[in-house]
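Paired with subunit B in one complex and with subunit C in the other, subunit A is shared by the two complexes that follow.
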Partner chain A sequence: MKKVYINSIASISPQKTFDNTIFLDEIIDYNDTVIFVQDPDYKQYIPPAAARRMAKGIKMGVVASKIAMDEAGIETVDAIITGTGMGCMIDSEKFVSAIIDNNEQYLTPTSFIQSTHNTVAGQIALGMECKAYNFTYVHSAISFEAALLDAKMQLENAEATHILVGGVEELGEHTTKVHRVINHIKPEAVTISEVLNSKTKGAVFSEGTNFFVISNQRRESCYAELVAIETFNTLQKDRVSEAIEAFLKENNLKADDIDVVVFGNNGDVDFDGFYNQLSKGIFSKTQQVFYKHLVGENNTVSAFGVWLASKILKTQSIAEIVKINKINPSKIKTVLCYNQYRGQNHSLVLLKKC
Partner chain B sequence: MSELKEELKAKIIEQLNLEDVAVADIADDDALFGDGLGLDSIDALELIVMLDKDYGIRLSDPKEGRKIFESVQVMADYIQEHRTK
Partner chain C sequence: MNKGVAITGMGIISAIGNNVAENYDALINEKKGITRVDHIETIQREEIMVGEIKFTNDELIAQLNLSPENNYSRTAMLGVIAAKEAIADAGINDIKKFKTGIVSGTSVGGMDMTEKYYYQYLTEKEPQKYIESHHAGDSTQKIAEQLGIEESLVTTISTACSSAANAIMLGARLIKSGKLDRVVVGGADCLSKFTINGFKTLMILSDTYNTPFDENRKGLNLGEAAAFLVLESDEVIKAENKKVLAYVKGYGNANDAFHQTASSDNGDGATLAMEKALKVAGIKPSEIDYINAHGTATGNNDLSEGRAILRIFGNEMPEFSSTKAFTGHTLAAAGAIEAVYSVLALQNNVIFPNLNFKTPMKEFSMIPQTELKKKELNTVLSNSFGFGGNCSAVIFSKEA
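Right, the complex of A and B next:
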C-alpha cells in the first residue's frame, strides 16, 4: 500500500487562518454563544456572476479549496470528497421558508438547487472543470473523517494520486434557534479563555471550512503523513482509553509514543469528561492541545483539529493559546487527534511528520 | 410607468442577488440576458415566478419569457397590460 501525505491545507475559521503564511499569530477573542468566520476576500477568488448564487458555506468551501490547490501547486485532482453534517443550511432554510410562506406556491429554483449537501463539492468541481469522482459524506461529527477515510483508501490503493478533501459547515438562522432551544448552544456568552473551564451545558456554535490536498506522492509543501483514521458511532466513556490504545497498537504505537494529542474539548460540562479522563489518564505525560475555544463547535470542526495537527508537525511549534498542559516536546513526530460530539461519533486521526 | 420600471429594477437586483449592480446601473432598454446584465436560464425561472407572485401573471409557455424579459421596458409594458394584481 502507498503512503498518504497531506500536501496542503486551507482553513476559513473564526480565527484568521486563511493565510497559510501565519499560524495563530493573532488571536481574535470572542464573548458570544455563536461565532462566525473571519472572511477572506471572496471576490478575489470567485467571479461575481458565480458568487451571486452562492450562500456562505459554498463561498467558504470554494475559496478554501482554491487556497489548498494553490499551495499544493496542482491544477486538478482525481477526486473531490467533502464532509458536512448539516449541509447548505442557509438555502435549505430559505427554500423551506418559501414553501411555508407562499403556501407551497411560487417556488423559485435557486435556493432549491443550492440547498443539497453536495452543493459545495459540486461547485468546486464546476469551478475547476473536474469531472472525476465527486462525493459528499453526511454523518454528523464524523462527516469529515468519513471523507478523509475514503480518500486515504483510494490513495493507498493507487486508485488516485491527488484528492481534495474538506469539511464545511454554515450557520442557518432557524437551525441555530433550534439548537438553542434544545440546549446544544451554551446559555451564556463565554470568552475563549473561559471555554475549557466552563461549568454549563452546550457549546459555542460556529461555521467554518477546512480543505486539504492529500496525495500518495510527497510534495515539497508536505505537512504530514496521514497514517490512520478510525471512527466509532458509539463508544462508552469508560471504553475510550481502551479503544485508543487498541488503535495505537494496530499502528505499532503506545500512548507514550504520541508527542502531541489534539482534543476536541468544547466546554460542554456533560461531555468534556471524555477528554478529561484521557488528560489525567493515558495522555497525562503527553503535550495536550485543544482548539474549539478559538473556532467553536460544528459538525466538521474536527477538520480544524487535523489542520492544527498538520501545522504543528510542519512548523514544529505549538501556539501557547492551544496548550492545555506544558510538556513542550523537543521534537514532534507523531500527533493524534481525538474528537467526539455529545458522547457520540468519535474519531481518531493519526499523523506523522513527513 | 416609470415607477413600475424602478420597482422592477430593484426586484431584479434583489431577487437575482446582483450584488454589484445598482438600480441606476440598469437602463430601461438594456438587454437583461446575453451581453446586457448577463442573466441566464435559472434567472429566467426566477423572473417567471416573480411575475406570477407579484403581478398575477402566469406564463403558460416559458418560451414567452424570452420576449417578455428582453429589457425592463418590455417587461414593464407587458406587466402593465396583463397584471391582475
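Right, the complex of A and C next:
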C-alpha cells in the first residue's frame, strides 16, 4: 500500500485563510449567530460573468480548488471528490419557493440545474476539462471524511496519483431561519471568545470551503501524511474514548503519542460534552485545539479541522487563539482530528508530519 | 480477469413491484408501472406520466410499524423496505457479526417533506420534526438504524442519476480494501414536486409512455424506487458458506466535462466509464452478453449513450435494452434497481425487453432488444448517467 500525502490546501472561511502564506495571523472577531466567509478576490480566478451565474457554494468551491491546484503545482487530477452535507442550498431554496409561490408555473430551469448536490464537483471538472472520476458525498458531518476516505483508498491502491478533495457548504436564507426555529442555531449573538463557554443550545452557523490535493507522491509543498480515517454513524458518549483508543491501536499508537488533538467543539451545551470528556480524560496531557469559534459550524467544517492540523504540522506552530490548554509540545509529529455533529456522524482523521 | 465482489442479497421496491419477485414477474410479463401521478398534488398531473409506487405515506408508515411521531421522508421509507428485503435475502440474522456498513445514493432526499412544509416550518410546530430529515444523509442514517448498523461506516452519495451506481462502486472498493466485511449498497428516491417541475422546465418529460432509443422519443417519465444489494467479502462467504447471487465484476466512473445537464454528442464520459469498468473487470467488450442501458428516452441521453456504446462495442454489439419504460427514470435509485435487474437477468438467463420501441433512430442502426429473450448470460453491463457530467458503468457477472 502506498502512503498518502496532503500536498496542498485551500480554505475560504470566515477568517482570512485563502492566503496560504499566512496562518491565522490576524483574527476577525464576530458577534453573531450566523457568519459568512472572508471573500478572496474571485475575479482573480473566474471571469466576472461566470462568477455572477454561480451561487456562493459553487464560486467558493471553484476558487478554493484552483488555489489548491496552484499550490500543488499540478494541472489536472485523477479524481475530483467533494463533500457537502446540505448541498446547493441557495438554488434549492430558489426553486422550491418558486414552485410554491407561483403554483408550479413560470419556472425556469437554472436554479433546478444548479441545485444538484454534485454541481460544485461538476463545475470544477468542467472548468479543468477533467474527465476523471467525480464523486460527491452528502452525509451530514462526515461528508468530507467520506470523500477523503474514498480518495485515500484509490491512492493507496495506486488507482490514482493526485486527487482533489474538498468540502463546501453555503448558507440558504430560509434554511437558516428554519434551523433557528428548532434551536440548532444559538439564540443570542456570541463573540469568538464567548462561543466555547456560551452555555446555550445550538451553534453559530457558517459557510465555507476547504480543498486539498492529496497524492501518493510526496511533493515539495507537502503538509502532512494522511494516515487513517474512520467514521461512525452512531457513537454513544461513553463509547467515544474506547473507539478512539481502538482506532489509535490499529495505527500502532496510544493516546499519549498524539501531539495535538483537534476538537470540533462548537459551544453547543448539549453536545460539547463529547469533547470535554476527552479533554479531561484520555487527552488531558495532550495539546488540544479547536476552531469552530473562528469559522462557525457547518456540515463540512471538519475539513477546516484538517486544514488546521495540516498547517500546524507544516509550520510546527499553533496560534494561541485555537489552544484549549497549554501543553505546548516542542515537536509536533502526530495530530488527531475528532468531530461529531449533534451526537451523530463522528469522524477521526489521523495525520503525521511528512 | 480480476476477481469480483460477491452479491449475496437484494431488495427492491419500484412502480412494478414491492419486492424482487414482483419486479421480476412484471419484467418478464411486460407489465409496466407508468401511470398518472396519484400521491402528489401537482398541476402537471395531466401532462406527465410517472412510475409511482402506489402506497401512500400512511400505508408505508403502517408497513414499517413506525411511530406516529416519526420523521421519515418517503425516500427513507422506500429505502428501508428495500434494504430490509436485501438483508433478509442475504440470510443475515445478526448484523453485528461482521463489520457492516451502508452506502446509499439519493438526490431527492427529504425534499418531499421540505416542499410540503416549506413555509409552515416557520410557524407550525407539528411539521418541524421533518426539518432534520431534509438533508440527503438522513434517509441513509434511518436505513442504518432500521437495520441495526451502529458505530460503522454509513454514507451517502449524490451524483444525480448515477448516485446508486456510484454507491455500488464505493461498496465494492470498501470490500476489496478490507475496510468492511459487508456493505449494503444502493439508492432511494421518491417522487417530488421539485423533480417533476425541475425536469418539466428542462422540457425533457414525456406526456406519454417513454420510448427509449426510439427515433420519436419524447422524453422521460420520472419514477420513484429504492433498491439495495448486500456485498460481502470472500472471508464472510467462506465462513458462512454463503450462496452468491452474482458478482460486481467491474466499475468505472468518469466525467463528461461537457455541460452541467446535457451529455456530449459523442458520449465521451459514458465511453470512458465503460472502458474503465471493462478494465477493472479485466474483460474485453466481446465478453459482455447484455447491456442494461441508461436509456432514459430523452433526445440527448439516448443519442449520446448510443454513440458511446457503438464506440465501445462496434460490430460486436450485444443485446441491449433500457428498462426505464417499465419503471420510469428513478433518478438516484436507477443504478440500484437496474443492478437488481442485471442480477435477475444473470440468474434467469433472460434479457428484458425495451418496451415501446418502434422506429430506429436515424443517427445509427442500433436496435434494442424489444422482446423477452432467453440467452445464456455471464456478464451484464449496466449504465447510469447523471447531471454534472457524471457517467458510471457497472459490470455484473455470474462467476467471480
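Note that in this section the second predicted complex is superposed on the first by the 354 of 354 C-alpha atoms of A that agree within 3 Å, B and C clash if a C-alpha of one lies under 4 Å from a C-alpha of the other, contacts with A are read in each partner's own complex, and residues count from 1 in each chain.
FYI, a residue touches a chain if its C-beta (ideal position, glycine included) is under 8 Å from a C-beta of that chain, and two chains touch if they have at least 3 such contacts.
All figures in this text were calculated on a predicted structure; none of them were measured in a lab.
When the two complexes are overlaid on subunit A, subunit B and subunit C sit side by side with no clash.
Once the two complexes are laid over each other on the shared chain, residue contacts for A:T108 go to subunit B and to subunit C alike.
Look at A:L253: by the touch rule set out above, it reaches neither subunit B nor subunit C. With both structures placed on the common chain, the touch criterion links A:E156 to subunit C but leaves subunit B unconnected. When the two structures are aligned on the shared chain, A:L171 is found in touch with neither subunit B nor subunit C.
In the overlay built on the shared chain, the residue A:I182 is in contact with subunit C alone; subunit B does not reach it. Of the two partner chains, subunit C is the only one touched by A:I100; subunit B is not.
Of the two partner chains placed around the shared chain by superposition, subunit B is the only one that A:R52 touches, whereas subunit C remains out of contact. Number of subunit A residues touched is higher for C, counting subunit B against subunit C.
Taking all C-alpha atoms of subunit B against all those of subunit C in the superposed arrangement, the shortest distance found is 9 Å. Applying the stated touch rule to the two superposed structures, the overlap between the subunit B and subunit C interfaces on subunit A comprises residues 105, 107-109, 113. On the subunit A side of its complex with subunit B, the touching residues are 48-49, 51-53, 102, 105-110, 113.
Within the complex formed with subunit C, the subunit A residues making contact are 80, 85-87, 92, 95-97, 99-100, 103-105, 107-109, 112-119, 121-123, 125-126, 128-140, 142-143, 146, 149-150, 153-154, 156-157, 174-175, 177-179, 181-182, 230-235, 239, 243, 299, 344-345.
In the complex of the two chains, the subunit C residues touching subunit A come out as 42-44, 106-107, 109, 111, 114-115, 118-119, 121-122, 128, 131-132, 134-138, 140-141, 144-145, 149-160, 166, 170, 173-174, 177, 179, 193-194, 197-198, 200-202, 253-261, 268-269, 272, 386-390. Within the complex formed with subunit A, the residues of subunit B that make contact are 15-20, 38, 42, 45-46, 49, 52-53.
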